[in-house]
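Here the chain labels run A, B, C, D and E in written order, and each chain numbers its own residues starting at 1.
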Amino acid sequence: MAIDIDIERRLGDRVIAARFTAGPGLTALFGPSGVGKTSILNMVAGLLRPDRGHIRVGTRTLFGDGVDLPPEARRIGYVFQDGRLFPHRRVRANLLYGHDLADPAARWMGLDEAVDFLGIGHLLGRWPASLSGGEAQRVAIGRALLSGPECLLMDEPLSSLDAARRGEIMAVIERIRDELKLPILYVSHDRAEVDRLATGVVALE
Amino acid sequence: MAIDIDIERRLGDRVIAARFTAGPGLTALFGPSGVGKTSILNMVAGLLRPDRGHIRVGTRTLFGDGVDLPPEARRIGYVFQDGRLFPHRRVRANLLYGHDLADPAARWMGLDEAVDFLGIGHLLGRWPASLSGGEAQRVAIGRALLSGPECLLMDEPLSSLDAARRGEIMAVIERIRDELKLPILYVSHDRAEVDRLATGVVALE
Amino acid sequence: MMLSAEEWSIVALSLKVGGAAVLVTLPVAFALAWVLARKRFPGRVLLDGLVHLPLVLPPVVTGWLLLIAFGPLGPAGRWLESWFGVSLMFRWTGAALAAAIMALPLMVRAMRLSIEGIDRRLEGAARTLGAGRWHAFRTVSLPLALPGVLAALVLGFARSIGEFGATITFVSNIPGETRTLPLAIYSALQVPGAEAMVTRLALLSVALSLGALVLSEWLVRRTHAGRPPHGD
Amino acid sequence: MMLSAEEWSIVALSLKVGGAAVLVTLPVAFALAWVLARKRFPGRVLLDGLVHLPLVLPPVVTGWLLLIAFGPLGPAGRWLESWFGVSLMFRWTGAALAAAIMALPLMVRAMRLSIEGIDRRLEGAARTLGAGRWHAFRTVSLPLALPGVLAALVLGFARSIGEFGATITFVSNIPGETRTLPLAIYSALQVPGAEAMVTRLALLSVALSLGALVLSEWLVRRTHAGRPPHGD
Amino acid sequence: ADRGPVVLAAASLQESLTEAAGAWAAKGHPKPVLSFAASSALARQVIAGAPADLFLSADEEWMDAVAKAGLLRRGTRTTLLGNRLVLIAPAASAVRLTPARGFPLARALGSGRLALADPDAVPAGKYAKAALMHLGVWRGVAARVAPAENVRAAMALVERGAAPLGIVYATDAKASRAVRVVGTFPAASHPPIRYPVAVLKASRHKDAAGFRAFLLSKQARAIFARHGFSTP
């Protein structure tokens, strides 16, 4: 399944434009701070409306040609640059939010598995406000994976994790990439991460 | 100037404890996610009260022996893990917040210099809410440096920056470390960063 | 303080009127608060002004307008009569309507403040997780606006318990039907030397609203159980 | 709509009374809102209840209590008289006091909601940048609570413009001194067939408060100029 | 300009007293300051020590209360005006009825209510209740009265068709075009309706006694009579 993107959007006095096709596997979006990586992910997720262009995932058109699917119909899992956990739900309820909404047939990961490789079992009863930076980040990753998406958007998902944890999570991402063949758009500034995970790189500037 | 720390603090059912002496120069705090790095910085900054122990910077006691200086009297510059910019002030006003409060004699960096090496000149008139992740991070660094502190706390300050920008900022941190001889507590998961900057490493677990 | 049977019935009526007023108004007030907080449309300031009207006009005038609209000769009154066979005149439902109208501006403002404070990015996050507009509203926006909703309930109930001018003008002062606490207090105030009675009834009002306050504080604590307001 | 000299003077008086009431109450209400939002102490619920009192009691009772306390024979009245040579009886200052008391609960609630919504970590950030408690309050907490302060101003002013029962009971209905718009409306309502006059005066009230609303919206826009509410 | 004496007067005297004061001022005297409100509120203000000159009450009871507090200037209390009670119906109503012993009031009401000023509190209501008791029909309608805040509010209920019949002062009925006087109550059926006037002990104004005398003069009586009052 491939992602086909050709979009343009004005933000303030800047124009964010991108045009690329990402094959199946993990495509790294690379580029300096402020170039528009997050904005592109937001447009793919349906949170920011392009001024023109199209977004296609596999055979589905998410945007363009008169189509503009609402975010909930796009089946996209998004790990935000800022965790964006629901402050009024405990960790467990955050994790299960998308999981419970997904068609059971569409789910490809269970709570136990996610909790396990993310190492967040001891946090399930906690409120997000009491989590450390890295803990919140891991919960956010779990929440996105558990919603059974058909495509993943990850915005610097490993930035505040230590090397050991980072390795374990990368192993899972590799598995998702290879076994489930989910297309993944991945933003990172870390060379090593990109070298290990990316099957393709899009350089923006 | 050295930092002498021996503190303990209960958080929920965890106890964060640390005891180390950091010489002048940059001391990296290393340790897995959730071990208590941010909590330690918060205690040094005066935002979290230790249950017992002491914190000394150079000859000044910040906490302990009946002393508990308020944050504003500690002369500490803190780059938070989450930017924590003031949402109701534009970028320029954010940068100048601490600068204008500081004794002119205590300042060791001016707005122009900070704006220059952080590459944020085009952002001065913007509201923080419109900044990208890396842009906000750079403004937060500038804000802390401009307050003319005697000691720096940096919590993963470079995590969402690209390699080029990262290099420039590291050069400035090196200069601060060597020329101004400011003690710096620095949290990072990035080996390369730590190898380049750290004069000492404290491993927590 | 032992209450007489008459005092009990006045208290019960006040609770019924205040409770009905607040509960019926709640969804309407929330919808208005939502529209005023989120939508930009021509006439928005006018709608805002309309919502504030019952606060600005002396209550007696509001009662008088209600009488004109909902009286047997009024358009709304005729409509209710012919379609539902219902009349609000001299009924506790009319008292509840008066209280509801008077409470409306306070309730709208409180909820609007909370709605404006919601971090909308969280709604976006919910949508990407598969929540439709309505589900995201129910599970994210509404709970995040809860402080405003609770404040609205307290303010609205207190205002209802204290409402006098619009009620007596619209549905008069009928024992057991529209004679709520403030109307009973008013009657007592008109009689020289009845200060003791006034004090008693006023203390009852105070007790009722203190009860509502304590209940709301308890609700806040229950719904947010242990959740720290913001990090750290 | 051309106004007669008398109508002008009533409008001017209403503005003076409402403006004074709101401005004088603002700091007091903010302090109360702050304490109720931030501090935990025994008697907190009681203080909260006390603040809500003017909302719960029929305005006539509040006016009566003011009369007892601030009348020439009341303790507060005597104290004011002997220390400052000031009397509130039949004076516009008394009308402002009544309006202030009635507006207090609304103003406190609105500001309390905003204060409770402040991200306290930002106050911590200000402190590390060298701001003392008071400076951090002025430059961070207060501006972040601004939506509540503006809502309080609008609610308080509207309530003051509409205040009737407490005012007439406390300081009577003296032309040029305590006869604000609602009292003038009441007087007109006493005259059968004066509906046109009542309508005119009511429209004036509405115009005043619409003016206040527009002004507050403009202030919101000015102070937040272009600032998006939350990221994205 | 010089301020005239401060006159506290029952609200039902609004029109006539304003006119009389105008006539007095036309003679070159400073214009009296007239404050209209419910007699109860005014009496309480006097008792609280308000610095006023004259008090015109709508009934003897509140004047008695002020007298008991020792606040009347000796020898100045006298009856100024009298009034009559009338039965009214909406202008379009065809009902025919004469208030007399055992008259069929309950039947004439049908399923509707009888609008009155509060019979337990407001003077006009008290007189109406006394009259109906005297005529032996109170028991039949006691459960069907609609007690309003004051005479004008009671009349509004009839004007708006909310009540088919009402009892108000002749002076009020005379001034409204929306109601029709169905019949007048026999003067002997209720205690005489009297409006007492007195100079207050606290009065310092040189014109107080003069204005009181003017109100009792032939010229002033003519004015009151034109508004429907009787002048003893």
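Convention: a contact is a pair of C-beta atoms (placed from the backbone, for glycine too) under 8 Å apart; a residue touches a chain by one contact, two chains touch by 3 or more.
Note that the coordinates shown come from a computational prediction; the quantities given were computed from them, not determined experimentally.
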Using mean Cα positions as chain centres, tell me which chain lies farthest from subunit B.
E
Most remote chain w.r.t. Subunit D, using mean C-alpha positions, is A
Distance from the mean Cα position of subunit C to that of subunit A, given in whole angstrom:
44
Averaging over Cα atoms per chain, report the distance between subunit B and subunit C in Å.
50
Whole-Å gap separating subunit C and subunit E, where each centre is the average of the chain's CA atoms
35
Residues in subunit D with touches to at least two other chains are numbered 60, 64, 121, 124, 186, 189, 229-232
Could you pull out the residues of subunit B that touch at least 2 other chains?
47, 130
If I count partner chains per residue in subunit E, which residues reach a count of at least 2?
none
Which stretch or stretches of subunit D touch subunit E in the complex?
60, 63-64, 67-68, 71-74, 77, 87, 89-90, 168-169, 172-175, 178-179, 186-187, 189-193
The residues of subunit B that touch subunit A in their complex are 11-12, 31-34, 37-38, 81-82, 126, 130, 132-135, 137-138, 155-156, 159-166, 189-191
Please output the residues of subunit A touching subunit C within their complex, sorted ascending.
45-47, 70-72, 74-78, 80, 84, 86-88, 97-98, 101-102, 127, 129-130, 143-144, 147
Of all residues in subunit E, those that touch subunit D in their complex:
6, 8, 11-12, 14-15, 33-37, 41-42, 44-45, 48-52, 150, 152, 155, 172, 175-177
Going by the contact rule set out above, which residues of subunit C touch subunit D in the complex?
45, 48-49, 52-53, 55-61, 64, 105-106, 109-110, 112-114, 116-117, 119-121, 124, 147-148, 151, 154-155, 158-159, 161-162, 164-165, 181-182, 185-186, 189, 198, 202, 205-206, 208-210, 213-214, 217, 229-232
